[in-house]
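Each of the next two complexes has subunit A plus one more chain, namely subunit B in the first and subunit C in the second.
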Partner chain A sequence: MSVDGYLEAFRRSGSIVIVGASLAGLRAAEALRDEGFTGTLTMVGDEPHEPYDRPPLSKQVLLGKVPADHTALPRRRAVDAQWRLGTAATGLDLAGKRVSLADGDAVEYDRLLIATGVRARPWPHELEADLDGVFVLRTRDDAAQLHHRLKAGPHRVLVIGAGFTGSEIASACRERELPVTVAERGAAPLVGALGGVVGEVAAELQRAHGVDLRCGVQVTGLEGDSAGRVRRAHFSDGTAVEVEVVVVALGATRNTEWLADSGLGAGPRGIACDAGCRAFDVRGIVTDDVFVAGDVARSPHPLFGYQFLSLEHWGNAVAQAEIAAHNMVSASTDRLPHLWMPSFWSAQFGVNIKSVGVPPMADQILVTQGSLAEHRFTAAYGYQGRVIAAVTFDQAKWLDFYERQIEQAAPFPPEFPTVDRRPEGMRPVAAGFPDPSLPSHGPTVTLSGHSPTDRRVSFSPHRA
Partner chain B sequence: MTSVALLRQITDYANRPDPYPLYAELRKTPVVRDEDGPYLVSTYWEIKSLLHDPRVSSDARNLTPEAARGTDLEQDPNLPPAFIRLDPPEHDRLRRLAMRPFGPPHTPRRVFDMHGELTEIVSGLIDALRDRDAIDLVDDFSYPFPVTVICRLLGVPREDEKHFHEWADTIAASLDPPGTDEERQAQQESLRQARGDLAAYLAGLVEERRRAPRDDMLSAMATDHGPDGQMSPVEIITTAALLLVAGHETTVNLITNGMLTLLRNPDVLQRLRSDPGLAVPLVEELLRFEPPVQMLPQRTTLADIDIAGTIIPKGAPLYLMVASGSRDPQRFTDPDRFIPDRTDNQHLGFGHGLHNCFGAPLARLEAQLALTELVRRLDAPRLVEDPPPYRRNAVLRGPRHLPLTVSGIRD
Partner chain C sequence: MRLVVDLNRCQGYAQCAFLAPEVFTMHGDEALMYDPQADDRQRENVRRAADACPVKAITVEPEDAAAAGGKAGASRVG
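This part shows the complex of A and B:
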């Protein structure tokens, strides 16, 4: 059969399995049907719930504005899939084109999309993690349980890790008028994602909203009472606080363990794929029937020196899923590259934070509009004399401009005047990113070297 | 054809009924300098990028001295620029303060909660047309509806409307590019007068509301204390004047343009009648196809800007031809067709970026309600003349009258 003939038959009556039934998985399924794929579609998901939206879990759900089970993702169209929800994938047989499932079953595919995402990194001390009142926040069930506990009015909440999730949880606690302590190993909140200059603003925000923020400390132990309820947390500076709820927000772990012996290039940093979303095998050879999308993928981006980027961004999951779906059912000459501009948002302490580009790549930062002191500003990040990223606090309407600057590799520092340029916007300063080899909470963008197999960069798990 | 001829033709009253072929001509050169100095930008992507460009200013003080000559730069101290003519951070502070009593996050339900009141006003105006077989949609409906709404929202007594109708018209007319030096002088003179009168009128009203606040925006602006503090009395007056004029001069055209477009497309009118839900995308398409604001003539540049192969020099007047951009075939398929359920419709009808229309949520709701009710209740409406007579204004463009015949008014 000719290649074209094969593709034709595959599009008509082939079988596609999507492992991972969250944002990327659902959008890919919808895009496949939009592309005219009429074959069999199987959706495998380890959670029992239909696909739901995660950003509200650390915001509206914790505030009680939206119940955790009202977060189902809106459907763009019917997908006519066989749903295998509540059943984790446990293994992949590349040669046999088969995914094995936790219930002992197996599903066969002609083409496979892996969108298994990430999970919350648990508290490393298992006995302490098992104490009643110790939570992580990643899933709908996590959010429901945490909300239930916050509603009861604990006398103090401890959030471990001041990345975006941790900071949003702390913000929700303060909005509920709960006393909250935030412990961050780095020098400031958000320092891994946005650097020290902006991190300092985040720290001011937290303190202005009454957070007991402790930076540069580690939590050395969680102590429980005789009933197994968490009661006290000990810090590396010798202090301790009485707490009733602890939320562990130490970033995420990629869900790749099930692929350990599969021969795919999958590991703790995710699954390497090309810009067309095709997975690499362990030899660094690209596969033609296994695709990857969403948080679990890492792929090279031409705008950022072909670095392999892992992006835990909502928008990336959608865009990459659509590209993967298109490429799964297209001839090689019709395939498209995933060239999404990294961007994300966060809502915390009454401020809308948005970012484009890859801030952690930057060496310098310049506040081009507004003022850090007013917590309302636009900052451009520079890397070797070009604009590489921009962040806004309550000034998102300017981001389109900076996105274009990044796309055009515009010179840094920007030489032109702008509206609302302040004295602090005259000279760039060091962006203040921590040494990536030092553990902190995980940044939302991970840069991981140039080659698919990536032997030169050693993995440093961000343990607290 | 040169650009000189084009801008003159666009502002020429003879071309008011259909400026769109001129825009198509203009788009052949996305950025072009007019003989009188302004740079005209007519294509979608270029306009959009300039609306998000922090090197573009709305503050006339950033014009070069020669470009500023003849503008209203010598301000009346009673009515300094409102936030539409300011840059951040002043713009942001004033717009935030004005938004507090109008929209989210502080007052998220204001517009939503006006739904019942708007429906009542619409019904009352249409009820009053019973026993008429000829109506002027503008005088009988499109004008009184949004004016009643903006008056109630701000807390301006409706019976004073006869006073400020003329002031609002004069201020709106001043947006148009001036013609000869004498015209410019006369325009400046009447503008100063109108502004002074409006400011004096509002000053009295604000003082009244400060002493005895009611549930309206003037009272809120006069008494509110938020994180940004309070507006000064002069700031309240300029902001109220801006909202009052904007409420007078824009939605009226959106509704009239809408009805005109529906009568020119009877199949669409029929669809809206049987499916009121169509009003939502239909109003968006209207904002693209026949926008009430045709161009944004009040921008300038803080630096030389290189765009589409042309350098717009620092301090040059900049006209963003939004009605042209919304018909750009590089952005919209079949741009000259009215497609009421068009998806992918990020038109420029409300602008974009920082100065994105403040009243957009209200304007949308007003137009959706008005058009839905008009097509539901007017029995066999017919245009008496096409094109109808237009207002002089080229920037805020719309019919002065829209004479219709109807067979009756349904319940």
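This part shows the complex of A and C:
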């Protein structure tokens, strides 16, 4: 059969399996149907719930404005799929084109999309993690349980890790007027994602809202009472605090363990794929029938030196899913590259934080508009003389302009005048990113080297 | 009725908060909070809000795409 003939038959009556039934999986399914795929579509998800949206979990849900089970994603269209929810995928047979499931069943595919995303990194001490009152926040069920506990009015909450999730949780606690301590190993909140200059603003915001923020410390132990409830946390500076609720917000782990022996280029940093979302195998050869999208993918981006980027971003999940779906049912010359501009937002302490580009790549920062002290500003990030990223605090309207600057590799520091330029915006300063080799909750953009055959990708042992 | 707002796109124009205040509210000067599963009686207001959004950030589920979910362990068409 000719290649064209195969594609036509596949589009008409082939079978596609999507592993991962969250944002990326759902949007891919819809896009496949939009593209005219009329074959069999199977959606495999480890959670029992239909696809839901995660950003509200750390905001509306913790504030009690929206119940956790009211977060199901709107469907753009009917997807006519076989749903295998509450059933994790446990293995992949590349040669046999078969995904095995936790219930002992298996599903065969002509083409496979992997969108298994990430999960919350648990507290590393298992006995302490099992204490009553110790939570993570990633899933709808996590959010429901945490909200239930916050509603009871604990006398103090401890948030471990001041990345975006941890900071949003602390913000929700303060809005509920709960005393909250935040422990961050780095020098400031958000430092891994936005650098030290902006991190200092985040620290000011937290303290201004009454957070007991402790930076440069680690939590060395969680202590329970005789009933197994958490009651005290110990810090590396020798202090301790009485707590009733602990939320572990130490970033995410990619869900790739089920692919460990599959021969796919999957590991702790995600699944390497080409710009067309096709997965690489462990030999660095691109596969024909396995595609990747969302948080679990890492793909080369021409705007950022063809580095392989892992983006735990809502918008990336949507955009990459649509590209992957298109490419799954298209001839090779009709395929599209995934060239999404990294973008994310966070709402915390009454401020809307938005970012475009890849701030952690930057060496310098310049506050081009507004003022850090007023917590309302636009900052451009520079890398080797070009604009690489921009971040706004309550100035989202300017961000599109900076996105164009990044796309054009415009010079840094910017050569143009800007509205509301202050004295602090006259000279770039060091952006203040921590040494990436130091352990932290990590940024939400991971730069992980140029080569898909990088041995660390495929062969590093699993970390806690 | 289910809806979602692409908050990458949202620039805080707050048109939605005026047109469907039961569903969309500003949280601070610029951050938007919304009810992802709004009461069906809000459908007309939400439609107006989605139409008025200058950056077209609001996605509302069409009525014929709803109830296409699945239950735990179920293998069914939806």
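As a convention for this text, the second predicted complex is superposed on the first by the 455 of 464 C-alpha atoms of A that agree within 3 Å, B and C clash if a C-alpha of one lies under 4 Å from a C-alpha of the other, contacts with A are read in each partner's own complex, and residues count from 1 in each chain.
The rule we apply is simple: a residue touches a chain if its C-beta (ideal position, glycine included) is under 8 Å from a C-beta of that chain, and two chains touch if they have at least 3 such contacts.
Note that this is a predicted model, so its numbers are computed, not measured.
Asker: Contact-wise, after the overlay, does A:397 reach subunit B, subunit C, both or neither (first, second, both, neither)?
Answerer: After superposing on A, A:397 lies in contact with both subunit B and subunit C.
Asker: Counting only touches as set out at the top, which of subunit B and subunit C does A:417 meet: first, second, both, neither?
Answerer: A:417: touches subunit B, not subunit C.
Asker: Using the touch definition from the top, say if A:83 reaches subunit B (first), subunit C (second), both or neither.
Answerer: second
Asker: For A:369 in the superposed arrangement: first (subunit B), second (subunit C), both or neither?
Answerer: first
Asker: With both complexes overlaid on chain A, does A:345 touch subunit B (first), subunit C (second), both or neither?
Answerer: After superposition on chain A, A:345 lies in contact with subunit C alone.
Asker: Which chain, subunit B or subunit C, is in touch with more residues of subunit A?
Answerer: Per-residue touch count on subunit A favours C.
Asker: In the superposed arrangement, what residues of subunit A touch both subunit B and subunit C?
Answerer: Touching subunit B and subunit C on subunit A: residues 397.
Asker: Any idea which subunit A residues touch subunit C in the complex?
Answerer: Listed in rising order, the residues of subunit A that touch subunit C are 43, 48, 50, 53, 55-56, 59-60, 65-66, 70-87, 103, 314-315, 318, 343-345, 347, 350-352, 354, 394-397, 399.
Asker: Subunit A touches which residues of subunit C in the complex?
Answerer: Touching subunit A: residues 2-4, 6-8, 10-12, 27-37, 59-62, 64-66, 68-78 of subunit C.
Asker: Which bits of subunit A are touching subunit B when the two form their complex?
Answerer: The contact residues of subunit A facing subunit B are 368-370, 374, 376, 378, 397-398, 400-401, 404, 416-420.
Asker: Residues of subunit B touching subunit A in their complex?
Answerer: Counting only subunit B, the residues touching subunit A are 48-49, 52-57, 87-89, 92, 302-303, 353-354, 356.
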